[in-house]
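First chain written, first letter: the chains are A, B, C and D, and each begins at residue 1.
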Amino acid sequence: MNDTVQTAVLGVTGYAGAELARLLLHHPRLKGTPPIFAGRVDAKDEARGGVPLAEIHPELADSHGSGNIRMQPFSWDLLTNLDVKVLFLATPHEQSREWVPEALARGLRVIDLSGAWRLNESANRAVYGFDDEDSEVAAKTQAIAVYGLPELHRKQIATARLVANPGCYATSIILAVRPLVAAGLVDLSHGIIADSKSGVSGAGKAPTAKTHFMYAADNLSAYSVFSHRHTGELLEQIGVDQSEIIFTPHLLPIPRGILSTIYVRFNGAQTSESISRVYRDFFADSPMVRLYDKTLPQIQYSVRKNYADIGFHLAADGRRAVIVSCLDNLLKGASSQAVQNLNVMLGYSEAEGLE
Amino acid sequence: MNDTVQTAVLGVTGYAGAELARLLLHHPRLKGTPPIFAGRVDAKDEARGGVPLAEIHPELADSHGSGNIRMQPFSWDLLTNLDVKVLFLATPHEQSREWVPEALARGLRVIDLSGAWRLNESANRAVYGFDDEDSEVAAKTQAIAVYGLPELHRKQIATARLVANPGCYATSIILAVRPLVAAGLVDLSHGIIADSKSGVSGAGKAPTAKTHFMYAADNLSAYSVFSHRHTGELLEQIGVDQSEIIFTPHLLPIPRGILSTIYVRFNGAQTSESISRVYRDFFADSPMVRLYDKTLPQIQYSVRKNYADIGFHLAADGRRAVIVSCLDNLLKGASSQAVQNLNVMLGYSEAEGLE
Amino acid sequence: MNDTVQTAVLGVTGYAGAELARLLLHHPRLKGTPPIFAGRVDAKDEARGGVPLAEIHPELADSHGSGNIRMQPFSWDLLTNLDVKVLFLATPHEQSREWVPEALARGLRVIDLSGAWRLNESANRAVYGFDDEDSEVAAKTQAIAVYGLPELHRKQIATARLVANPGCYATSIILAVRPLVAAGLVDLSHGIIADSKSGVSGAGKAPTAKTHFMYAADNLSAYSVFSHRHTGELLEQIGVDQSEIIFTPHLLPIPRGILSTIYVRFNGAQTSESISRVYRDFFADSPMVRLYDKTLPQIQYSVRKNYADIGFHLAADGRRAVIVSCLDNLLKGASSQAVQNLNVMLGYSEAEGLE
Amino acid sequence: MNDTVQTAVLGVTGYAGAELARLLLHHPRLKGTPPIFAGRVDAKDEARGGVPLAEIHPELADSHGSGNIRMQPFSWDLLTNLDVKVLFLATPHEQSREWVPEALARGLRVIDLSGAWRLNESANRAVYGFDDEDSEVAAKTQAIAVYGLPELHRKQIATARLVANPGCYATSIILAVRPLVAAGLVDLSHGIIADSKSGVSGAGKAPTAKTHFMYAADNLSAYSVFSHRHTGELLEQIGVDQSEIIFTPHLLPIPRGILSTIYVRFNGAQTSESISRVYRDFFADSPMVRLYDKTLPQIQYSVRKNYADIGFHLAADGRRAVIVSCLDNLLKGASSQAVQNLNVMLGYSEAEGLE
């Protein structure tokens, strides 16, 4: 296939980076031109240039294959020389904030997995504390960024130069709630509650007091109550304000997976069938969403899968629903969503390399 | 201490039974007259008469002591001959429903750990499907049953002949919500949401598809949505109706512990201090409740402890709160609560043997 | 590809059956003629005819695909009518013992995942307690059975009518030890020690006291000391007698994966390089074995992979080695090994569909 | 009890320190004079002077009690002023190496939980890389250090000024093997194999790549093969040389507990009874060792207990045994062993405060 597009991944040392590498290496449309992998741009990772991917991510090793792929020390010239068209950034927020404008200036299309460009409202961005908030470049970059949730913004993503890949929690909640809100069913005055639980990989690869096995194992803890950074994504993408939603994340003692239990109240009585129809219509052309009919999603059915799984139960009064939304935080919550965005950007089938 | 009261435990083979045995054996006021232990009354457990407790619960073994205590085949004569005053039942609902009237008729005071006698309203009891609902004996027994949550019903428990020990989920939610509702702060028209997560011991000792390691490990699942049996306890003890509360239990991949994340809306704006004061006042004389000031409870701080732990965060608008309530489902959610009830019934210090 | 061979799987409801279904459905050489799936042949599973695979194994569901594949009620006529050439049995030992002769009589080639036909010596089979030990049919069937470890018996497997797929523990130990014994390096008078640890899926899908989450979680236990059924495979395939090896299995609190720590003493002093060379030579044409050079295998690198992973450390005296051997008990320890055997039997590349 | 001895703990911030604090606070003979707690002597911990213990170890909090105990900034004067008689050090090896001589010079008796003074042979100490190996003070200190395994050295501990509390792995192995070696039963020419598995708390509280939940969970890994620091303790206390024992530690995905599977060969055929008798005689006066008759110890029976648990199975030939030895690495492997040593040093009952 001589029309394969050259891609590159910057920041391949984390959990999402590893999954992204795996997906891209097996992507049927990219086999002719495997992606370039580069470490994060700091002294330590630069020194890792030449290091086999499998040394950092032993689970990527196979007997004769991808284990031999090596990380390359990053430089803009490298990307130019190799004619890279699409750059994935799996870098910290601050670094993405700094590098994306440069990448765009060099003509690259960018899929950024960080939170750097997801939020349109500066009030919502405040939680990140970016120090470029007043710069013209930042403003222009933000203006062209598209929120990379294909189920909501497929058309804009197709032509986007910068796709801001959504947060993992945000993906699980927005996909479950937006269809109902868009259909005008939800009584927002009563407030939406999203009680979310995530595996430890969501906390990143850095060893900290909270990622220590002794802290996370046999435990459950709520954190960032009323203050989690993904809240802004919920506000902007669901279309509600602070008084209309509460989002509470919890740390689960499992490696991966998110389950969000979401509580909504309807303006009028609904039936299970009427709610199902809203979801089915909304996701009619969305191959990466699985709707559950009689049962509810569970984390075990969603991990290591590229789907968002959604199910619900309706109260006897037809006025209240409990929605359960599950996904793998490293896949539909990060890397497979990035590949889905790539597919949309390049005109491939949306599920290419994801089923 | 020659005034020690003779107690007995019927149904000591389950998880809660094991914890109850441990607590009673170490209870300072009961050392003079250690409790009698008997199996559940079926052929299999009867045959276990004479079996050392430590054979069923190896974790109860010590080098020279309690491991030698043996289970006894149950008979009413046994209890009479040994002059038992208080009988604990850690038996299935159906069995408690059948045996409690008999025990009361024989003059015993009873602490029943099952759900058999917790619910005053027959509508709420329907979920248990008792087949004695029309009997006079059942009605009279129910009429004298006291809901065994000392923080709410200390006075009635002190003189009760029958104490219905609360459900584990119910304890975690009622203690967190009742003080605020009692103070008239909660806007019930907006509904209370209780999103609860429990370790696997809550599902009992019987091996089932859901207690299989392969089902529970690395997983999280919601279950009994809008239909869990503890809901009736919430309605009766908090003082709300079905339309005013939603309770969703989840199965956590940990052995023990419950964390309930509870969402309430207030009638008017509150401050953290005003909410704290309500809790402090309500629990001023309650040694088994720990209030958290700056941090939130976590399951790791509550397991293997006899306390209910409660903390909260208030939204910036002062109108909404997220309350986190933790306890050990086998202790404050079952056996240590039963001992706390015993202490109240016998006039001991409420925390005797529990700190 | 019009030369695709029709296969069928009998007994697809267990863990290994699910993995086998997944592998076969994605096998590039079988795509033209997807396999037939049937439940175990008992009343309960027969009733499951028509049940979608995804209902029994929700993790097999995808949005538009394999989830729709249905189990079929088993009959020999079904296999004949569909022109099945190779039959996989993922059934209990007793059932495989009964059904394999019938399948062979009907001209099918069989890959049996149970322990029914693995052992040549009747003394070693005693542990299974088969009641057909004196029958002529059983004797003839056993005589043509080939032990399905391709790394040892590739040639015989290629033409075998009956392949007895090895035990999971046995695979992890034999692959690590046989090369050294075959090279004459091991001082058998000192005895080989194989200390193995397995995840809970190895204990099967039936809920039992030992597969209960409360038993397995936060625990480690040795079991079947000096008496595990896989011991006979070790004796026959490594070529040692009872006095020359000890095998101790342990139950790990993880879903899947086996790690065997193996202790051998050499006849003379060795170097790391000399040992490495023995392994490299032995596995030169074995794509499903990965040899570790500087590091040791860990379970996390082997799970959800189709490889056996082997590494070792040599004592300073060159006379003793600790060998670490890892694999996924459901894959190289069961289903992917079965597919590897299929590949060998049909003349495909040995790693087809496994990388 | 006005003869209570004043104790102090230096280095109370780690896992073993927390357990030690808990045990000492509940020790019946120390209630009159609760111990002094001090942080490790570095800037960070010094700053923690005044911090409530419960802030560092929330699991130590209770509603009205020990949670209020505060850490004190350490100084020698503090110990003198408070008339401390026995000092526990739960500090890093290097710090214990430096501070113990000073403590002894000030007349304190010391129980050191680190590895600093456990090893008599300088060759065995080499692995610690102490830079005081040539100093006279170090030599004199080492000369009076007693290895703090009461089951072996009760008499010397009783009068010791410095007790070197054993390593957790070492305790589990020495107690299982020394009785058999002391009885002359073990054929050392065949070598002893100790395959040990430990929970993550054994790796300490510092967040590292290996204590990260994502590394440890769902995993098992061997480490420090042929090179673990506890090996020297095995050599000195069992009485064997390097060629006669192999010790392989593994990291288990559980919070706490050690299980050692130990393989020995006997000089002549034994019976289960003859082996049991050796153990019973050896541990006749050892309340903290539990011998298992028919079953084997498991980690779940030993965690949160102060015992070492030992069981075994004999091969049919009577010549080989598999011994299983379990303990809680933070208790009998560290803090409860330290309390047991204290009891011996002060002439209390050896199990005081430990049952």
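Brief remarks follow.
What we mean here is this: a contact is a pair of C-beta atoms (placed from the backbone, for glycine too) under 8 Å apart; a residue touches a chain by one contact, two chains touch by 3 or more.
The structure presented is a predicted model; accordingly, all values stated were derived computationally and were not measured.
Taking the definition of touch as given, a chain qualifies here only if it contacts chain A and chain B alike; those chains are C, D. With chains reduced to the mean position of their C-alpha atoms, the one farthest from chain B is C.
Between B-D and C-D, more contacting C-beta pairs join the chains of C-D. The copies chain A and chain D differ by a rotation of 180 degrees on their C-alpha atoms, rounded to the nearest 5.
Mean C-alpha positions place chain A and chain D at a centre distance of 46 Å.
With centres set at the average Cα position, the gap from chain B to chain D is 37 Å. A straight line joining the Cα centres of chain C and chain D is 41 Å long.
Multi-chain contact residues of chain A (touching two or more other chains) are listed as 215, 218, 253-255, 298, 300. For chain D in complex with chain C, the residues that touch the partner chain are 190-191, 193, 195, 197, 215, 218-222, 225-226, 242-243, 246, 248, 250, 252-255, 257, 259, 261, 263, 265, 296, 298-300, 303, 313, 315-317, 319-320, 322, 324. On chain C, the positions that touch chain B within their shared complex are 15, 200-201, 205, 207-209, 211-218, 253-255. Within the complex formed with chain D, the residues of chain B that make contact are 58-59, 61-65, 218, 287-290, 295, 298, 300-301, 304-305, 307, 351, 355.
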